[in-house]
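The same subunit A turns up in both complexes below, where it pairs with subunit B and then with subunit C.
Showing the complex of A and B:
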């Protein structure tokens, strides 16, 4: 700043062409929107940047060290930074198992929730009576805390006196050990999550459906399409932006399923069948103090989230909203 | 191709326990290949009628038949009709080609090649070949309108239904599309029902027009018949721009009397109003004669004052006050070169052969204007429908 002030005073005295140019540029810059709005956006930007991007950067840095245990802080000396932790994760079968569980949870939960939500929305849009009440009934689980729904489903899945087994018992099935059986537990967790989120998907789709004018249905009807074909070929393709926004939110919730699992099992070690990257990461960090290793898993999780969100950003960009 | 018959068609909507009669006992017989315009003010039941023919609304009672086959209980898919919507209702996510193919794919068992050929033929007819691979969002209003037409004609339906298809276009394009649509209908020879609230469209496009009001058919006839021989006050007032002038008068022998003026009927016309005391006199703005001289002694010459003159270029609309009325109550069209000043005192004449008389109570026509030859009107009508 001092330098530039000097330039300004000098140019007043001497006033060569180049210095005048510099002066006018500075003047233009100081009057530009960028400079004038600087105090307003810089403060929130720096707070947010420190919290989010600073956090991500620090996490990435830690993942490059060998930091573990309680005794000393991470060693950031350049010789100590390498990708060893990432090599370890790739070679760790447990990472692959939890990665696979994460992937299954992501795909099955998102797909089924969307299809169910779409189905419910179409049903409501077809004019079932008491629409508002039904809408609330489906949206209610969304309003409940993970802690509540997790506990609630834990009771539902209870092998001896859970409601699910009682109902299945009535038709001569079971009892199944929903939580204890490693081959069932992931399905049980996914089902509970679907129960909680299908109402959300429904509301998003219903809003999309109701923005489609009646004459689209009528035109398709006159064109000779059946109700099913009308939805399949005319209506559902027009729900593209609803689908994308519902999918992004659901995927993010799937990646954050840690909260639900932690609430359900009350500890970092969850049943093997439902162990996901997020639970593994927390366990490595806060139970085993493998800080660097956990940071590497966190980075993998972040990359997965980015990969999922990238098509959405691309779509938004193409639509001109980014 | 087939004729379309509505008989006793009634539609009653239930609005929270209260019955609203949208269409009341409508009888319409539309011949094969005919272009019929349903016209009337908003809420007259014209769109509901069209929707019942399309199958989007079900009649409460009565029948609708295409050919000899009653269709009122069939679903729209099974009716062999095509419809153009006011909003066009193009499918936004499909290209023009897909929009036009959709109906063929859903309602016929044509193979892909046949569909492509049919769509391309129709596109050529409408001059939209170069738009085939665009999406509706990238088209102008006029182009979307053509695509909507194309989507309908590609189906080659028995009956073609158009619901105010031109109302979203600007005035110039509308006039152009009016001509084009007529031409197209003529070429295709498809029975067509066209709904509009615009009397110009009705007058210029239809072989016959059906004028509806309050869910009831007021008159069905050629545009010329409806214009020159209106069945009642409503039809007389609805057709024509500016509208016909009406005066509510009391009859005293051969004399029609109001506060503003008195008008003596020729005895051959006076017989038409025998037994009526309240009579509505109607006269079209272009039929009234204006004289600059006010000769008080002249028979049936009514003194008037010029209120406002609206120049239209080729002609002027003159708004006049009759007697001591404080607002304009007579509109007259005069030649565009004729100069009349606001405030000028003039005399007006209602030529006896140009007046219409309506029952003051029911609005029914008692006497319509004389044309030099009534058959001429009929001829104009038939020449149009041929």
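Showing the complex of A and C:
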């Protein structure tokens, strides 16, 4: 901006008509809201843009190379760029296994968390006492790091002394090796994640419930509908927008549930039954140094996330809530 | 918020004859979930105060009694984690402050100033996508960037001559900057939601008085942002403190002098004989302490940040 002021003062001394016109326009421009507000949004925007879009672009480029090991860096010479890594991912049975696990985690975790969150929200919405306090406790797991909650659940699932087996033992079941058994471990992880996230779904639904005017509820009551029926028929259908928001955040989380898994098992290699694309990607990159291959898996993950985000943003836009 | 739409608590009660049964059932269900959400944390707390013998001899719900009580696990956990704890603080506080500030200016430039609605919308969409992308999609470039393109450790070579600084601390700085970069979109969104609720009149009035964009931000918007700054700060602090993926991939090893507390915790108390759960639980609780304290005092702000995220 300092530069433009210099030229303006210069133009006051010399300058033909056309030049002066150009200078005035520049002066007007430099005082416009666009120019004045430019630093406010553009600095954060460019920092973020470099990290997010620059990062994604660079990742895509790396995925086209065959960069691996502790090299100086990827080789971007044109002859080196091809889709070989993507062919490899498609032919890798392990990618399909982890893809399936990702999908199971995504569907079961999102569905159960939403249903439980909605149930808790409806309960707390019923004008009960100490609502804020109860809500605070239900939401507490969400304030904790996955690194921390993974430790709690590792202990909960302990074969000999864990609380889960203790409770099941009281009704004559078990003990089960929740963490060690490949057929149980995914369910165990999903259950722990539901514990952590249902408070979040509850908060989103509560916000939605509170925006619905009371008289709708009362009108349904006057018509003789029961409480359950009123919720089912009148109130819950209006929570579409909250449901979409909650579902998107949960799905996005499920796609990248890396931290919880890594922390629970303390290593890159997580048990077979619970290996998902997110853990596979990090392991390929940071344990095995298969950078290009990991970048290709990351691209697949990104596309899966975008497949959820794009319709969501479109939906939000159509709703007028952007 | 509920008070605005529902003037009296339990206003449905008057129209519901069957409510008494409901209430009993409701209390039971609420108590059940109370226990459900607290049980893992409770077992963690009691276990962290038990001797190794008591951990196996008593149930995980029983509080430590008599000989079974010890603070030794906590002492060891704090001893192990204190460096990581300090590293986490050094990293989290500046990156939170920077993100909150940048998020606020970005939201200001995109909501309260009108420089072309369509262009502003396009910029907004680019920010929003930045919130949702899986970080896996930028991990390989990030690690390449901080190792090969901008190797801070070499760039800042003279700094490591200082006695209290170590070469590895460069990685902590990379981590701080990384958190700022990827924290901006969400902070922007939180502030944007708030700025949209501010009345236009104040800004318009200031404009008519001839105040510049900068003056409006400093004199009008920033003072009005105070409540939201609190919400965003708390939310962002918790998010960065709890973060693990960037710590793992940028710092690498839990034995690095720059390791954050979450990184150190993931391997704590493991040896050939298995996991020392008392130590592990004490470590987990110690690592969670700042977020627990914040949550105890500002649970409402945290919930607000969470609800505003979508």
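Note that the second predicted complex is superposed on the first by the 274 of 322 C-alpha atoms of A that agree within 3 Å, B and C clash if a C-alpha of one lies under 4 Å from a C-alpha of the other, contacts with A are read in each partner's own complex, and residues count from 1 in each chain.
In this section, a contact is a pair of C-beta atoms (placed from the backbone, for glycine too) under 8 Å apart; a residue touches a chain by one contact, two chains touch by 3 or more.
Please read all numbers here as calculations on a predicted model, not as lab measurements.
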After the superposition on A, what does A:294 contact: first (subunit B), second (subunit C), both or neither?
second
Have a look at where A:225 lands relative to subunit B and subunit C in the superposition and call it first, second, both or neither.
first
Answer with first, second, both or neither: which of subunit B and subunit C does A:79 touch in the superposed model?
neither
Kindly classify A:213 by the partners it touches after superposition: subunit B alone (first), subunit C alone (second), both, or neither?
both
Quick check for you: in the superposed arrangement, does A:49 touch first (subunit B), second (subunit C), both or neither?
second
In the superposed arrangement, does A:240 touch subunit B (first), subunit C (second), both or neither?
first
Is A:145 in contact with subunit B, with subunit C, with both, or with neither (first, second, both, neither)?
second
Counting touched residues of subunit A, say whether subunit B or subunit C comes out ahead.
C
Overlap of the subunit B and subunit C footprints on subunit A, listed as residue numbers
213, 218, 221-222
Can you list the subunit A residues touching subunit B in their complex?
213, 215-216, 218-226, 229, 233-234, 237-238, 240
In the complex formed with subunit C, which residues of subunit A make contact?
32-34, 36-45, 47-56, 58-59, 62, 72-74, 120, 123-129, 131-132, 134-149, 151-156, 158, 160-163, 166, 195, 199-200, 203-204, 206-207, 210-214, 217-218, 221-222, 227, 245-246, 248-249, 252, 255-256, 258-259, 262-263, 266, 278, 281-282, 285-286, 291, 294-295, 297-299, 301-302, 305-306, 308-309, 313, 322
Taking the touch rule as given, give the residues of subunit B at its contact with subunit A in the complex, in rising order.
54-56, 75-77, 81-83, 85, 87, 89-93, 102-103, 106-107, 151, 155
Which residues of subunit C touch subunit A in the complex?
1-2, 5-6, 8-13, 15-16, 18, 22, 26, 29-30, 33-34, 36-41, 43-44, 47, 55-56, 59-61, 102-103, 105-106, 108-110, 113-116, 121, 123-130, 132-145, 148, 178, 180-182, 184-185, 188, 212-214, 217, 238, 241-245, 248-249, 252, 262, 265-267, 270, 275, 277, 280-281, 283-285, 287-288, 291-292, 294-295, 299-300, 302-303, 306-307, 309-310
